[in-house]
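What follows is a pair of complexes built around chain A, which joins chain B in one and chain C in the other.
Take a look at the complex of A and B:
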């Protein structure tokens, strides 16, 4: 368990709803849910995950902190926005789901090896390195995430797409060795740091 | 030319539904002069289009009939039909109203003999049955219409058929030269009772009202159950006329929804509970109803009614707002998709027919009322001193059942009477 998590448990005791309201993106909307079920019924991923949004919101109010934060449900959201357009209470459901995932990640509670989470981490690290996404590196690290031989298999399966992109000049092999970044890499890093500070302050997070 | 005798001691009542009729009667029976303005060709409003009333399950005709008799017998009430108020100016105790009267092409000599109907062939959509069937273009709007006077559809004017209808009338009641006219008259106070209209179900995209034959609205279902309705009282599927024995009701269709109507329409839970009785009445133990709901709002005394329906083994309740409807292309059955809140189970349930318990919205929204008026965010008239001598009544002020609409109409009549009494004291 991370220190941030211990501190959060301390701070909010049994009031998980309050914790979500203060610390999760759009979390203040959770209490507006009237449990009608439209979001769950509209979610294309519904049959494949443990808890549909409506149930997650109920669990938050019921104080089921561990079940919610360790769940992989939020990570399954594809951002299709079906739920948002239909919710009679106009809850920004998609954003809350991503907010919950992000919060669980920061506390170190998110499920290990969950593919969306792994990809999210890769994408982020790739992006902040140069201030620009290096697609070649990103795809390769994705292919090779489950080991070398699986990586070769994945890469071979995608080779026609890769060659096509090469021909269309959408993919530059030299990016692997000398990736080009943005003009002011330092500036980007400073900006991200500042953003993180502001976010932490707003969410009463210290870590 | 229509003559309207009125002074600033006259009360103008706009809308001749159960609320407007009640307000007019209360005021007239207290000795005030009333002009009752109704847009339709007859009085009664939406109530006359219901099959039965909750909670007692009696026929609306009896309640209406008593009121109509009182109106007929009261010389203080002047009724204008096919008339719409287009403007109200002035202030409490001194209003001037402009009223546009559309031509009916039939005058007061009509005896409702029906000869003109027989003389014409052309048919027009029948608004009394929400256009689910057609009527001849010379018609009586409904069996118990008041005034009992026929109407000629404007499309007949200037045609050979129009002349045929005129020739068939032995009483010289058909006047094809009638024109639209606008009259102006005085009033001291106004009761605004223009009632409600069903929310446009086609706007609820995932339910496919405009795409699937077997998705209908609750108001249409009232007409299906009524012997005077388009199917002669048989509950049938629009797609193939087959008996609809497995009926789904979807609550809050358009209500309690930030994307549609924000308010709870208050009567639709009771309306659906009532309508499960229609299914049982038609098919006995073979008829099944399923009510999909967020929560059942059977207010105060209606709770008993709810408990009775709940005890019926042929009525099931699913706590869930349906997410979407799809149609089985071959059978035209409707399949409801959603998640049951009690246990979060997914379902895909097949039904013969779906009834959308559509919400009520004001038929004339606050902003469209041709006078200065304070209305809430849904367009219902508020009780506000800024409205001066203009008072909302019935469903123009709130989504209400008949009982409460009548109470609200009586209250508005009393307020209007007080304004008139003040005028009379000053002038007297």
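Take a look at the complex of A and C:
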């Protein structure tokens, strides 16, 4: 458990709604939910959420902090935005789900090994390296996340997809050695470092 | 001088030998015919995409997009920013909207941008290539250069999510947008009605949750087949990749025998405008779009 988490528990005590309003992206909208359930019924991965969005909103109001932040539910969001466009109260549900997932991740409460959490982290670190995504390295880091031999198995299982892409010239083995990327990587790294500092200060996420 | 000029944001997947490099080649061919001049934003960076939130949070993602805007304002002043990738467009528009609505977020963004020697003023508009085609040119204008109508080709227009929600194309409904069907008809092909036009392909979760996503892909492809489509056409690079390259995996998982080509609208337009298979980058398809190839090679 991170120090930031201990501090948040101390500060907000039983008022999880207030914590979400102040620290989670678009969290101030949560109290507007009227529990109609259209979001849950519109979600392509709806059946896979332990707690669909509508339930998450009620759980926040009921102060179920641990249950919400340790849930893998928010990580089921595919960013399809069905919930946003169908919500009768126009809640930015997709963004709230991303915000909750990010907050749980940063506090160290999100489920360990949750595949989308891991992939999201890989994706960000991948793009930050050169300023642009390196698709080959991203695929390899996903396949090899559980070690070398599992990685080989994963890569072999996906070899037809990979060969198809290679043949269609949409996958470049040389990306491993001479990747695409931005020229001003130094500037990009400096601005992202600063952005993270500011965000951590505003959301009290000092790690 | 070109008829229209834009600051171009092609996005990571469009780069040479990346997963949507065929999209970029065909967009360039299409724009050449339509006299649209695209100038790449110098040194543009990734938008953070839909999965960047986990580690990137809020401000760092907005700063990424704002850097592109700042570079566009500095080097291509007065031009709208145009993205071809649905996720780039969505991410960029979201940032533009948020920074426009919050003075605090804007100030924080500029404080971070200063580290890269840049500042964002909020001038540039963010558009998708499809908006440029429909709003700045119009269907009538788009039909004029057609020399090879794609007659007899039945196409399932797969709009998907991110060019459709939450912003969408002005005047279109979220549940049944018509613009892609109209583009298909503009080049003389037949747009087949089917019920999975705006279904999510799983997006980035095709990588992290393949089993769940492949069910989505199965539903989309199955519906296209059931309604008699010869091929699927989409405006989104991730839709294109997911729905095309995982058909083999879907077949293994569900015992189906799918093998339907998935192309971009820009590839259709390029062929209808008389472009070769090479101009339309049809060799970039993993599943051969044979009917479109035949039309492209016809004199």
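Note that in this section the second predicted complex is superposed on the first by the 196 of 207 C-alpha atoms of A that agree within 3 Å, B and C clash if a C-alpha of one lies under 4 Å from a C-alpha of the other, contacts with A are read in each partner's own complex, and residues count from 1 in each chain.
One rule holds in what follows: contacts are C-beta pairs under 8 Å (C-beta built on N, C-alpha and C of every residue); 3 or more make two chains touch, one makes a residue touch a chain.
Quick caveat, the model's predicted, so the values are computed rather than measured.
Student: Given the alignment on chain A, is it a clash or a fit between chain B and chain C?
Tutor: Aligned on chain A, chain B and chain C fit with no clash.
Student: Let me test your reading of the model: by the given contact rule, A:72 touches which partner, first (chain B), second (chain C), both or neither?
Tutor: Neither partner.
Student: Quick one: is A:52 in contact with chain B, with chain C, with both, or with neither? Answer first, second, both or neither.
Tutor: A:52 sits against chain B, while chain C stays out of touch.
Student: Is the number of chain A residues in contact higher for chain B or for chain C?
Tutor: The partner making contact with more of chain A's residues is C.
Student: Considering only the touch criterion stated at the top, classify A:167 as touching first (chain B), second (chain C), both, or neither.
Tutor: Touch status of A:167: second partner only.
Student: Which partner does A:19 contact after superposing on A: first (chain B), second (chain C), both, neither?
Tutor: neither
Student: So after the superposition, what angle do chain B and chain C open up at chain A's Cα centre, nearest 10 degrees?
Tutor: One gets 70 degrees for this angle.
Student: Between chain B (first) and chain C (second), which, if any, makes contact with A:81: first, second, both or neither?
Tutor: In the superposed model, A:81 contacts chain C only, not chain B.
Student: Rounded to the nearest Å, state the minimum C-alpha distance from chain B to chain C in the superposed three-chain model.
Tutor: Closest C-alpha pair between chain B and chain C: 7 Å.
Student: Please identify the positions on chain A that touch both chain B and chain C, taking each partner from its own complex.
Tutor: Comparing the two interfaces on chain A, one with chain B and one with chain C, the shared residues are 85-86.
Student: Which of the residues in chain B end up touching chain A in this complex?
Tutor: 206, 252, 256-260, 294, 319-324, 337-341, 344, 346
Student: Which bits of chain A are touching chain C when the two form their complex?
Tutor: Those in contact with chain C are residues 25, 44-45, 48, 76, 78-82, 84-86, 94, 98-99, 101-102, 105-106, 115-121, 123-125, 127, 131-133, 135, 139, 142, 160-161, 164-165, 167-172, 175, 180, 182-184, 187-188, 190-196, 198-199, 202.
Student: For the complex, which residues does chain A have touching chain B?
Tutor: 34-38, 40-42, 46-47, 51-52, 54-55, 85-90
Student: Where on chain C is chain A touching in the complex?
Tutor: Of all residues in chain C, those touching chain A are 12-13, 15-22, 43-46, 48-60, 62-64, 67, 108-109, 111-118, 161-162, 165-166, 168, 174, 199-200, 202-205, 207-209, 212-213, 216, 245-246, 248-249, 283-286.
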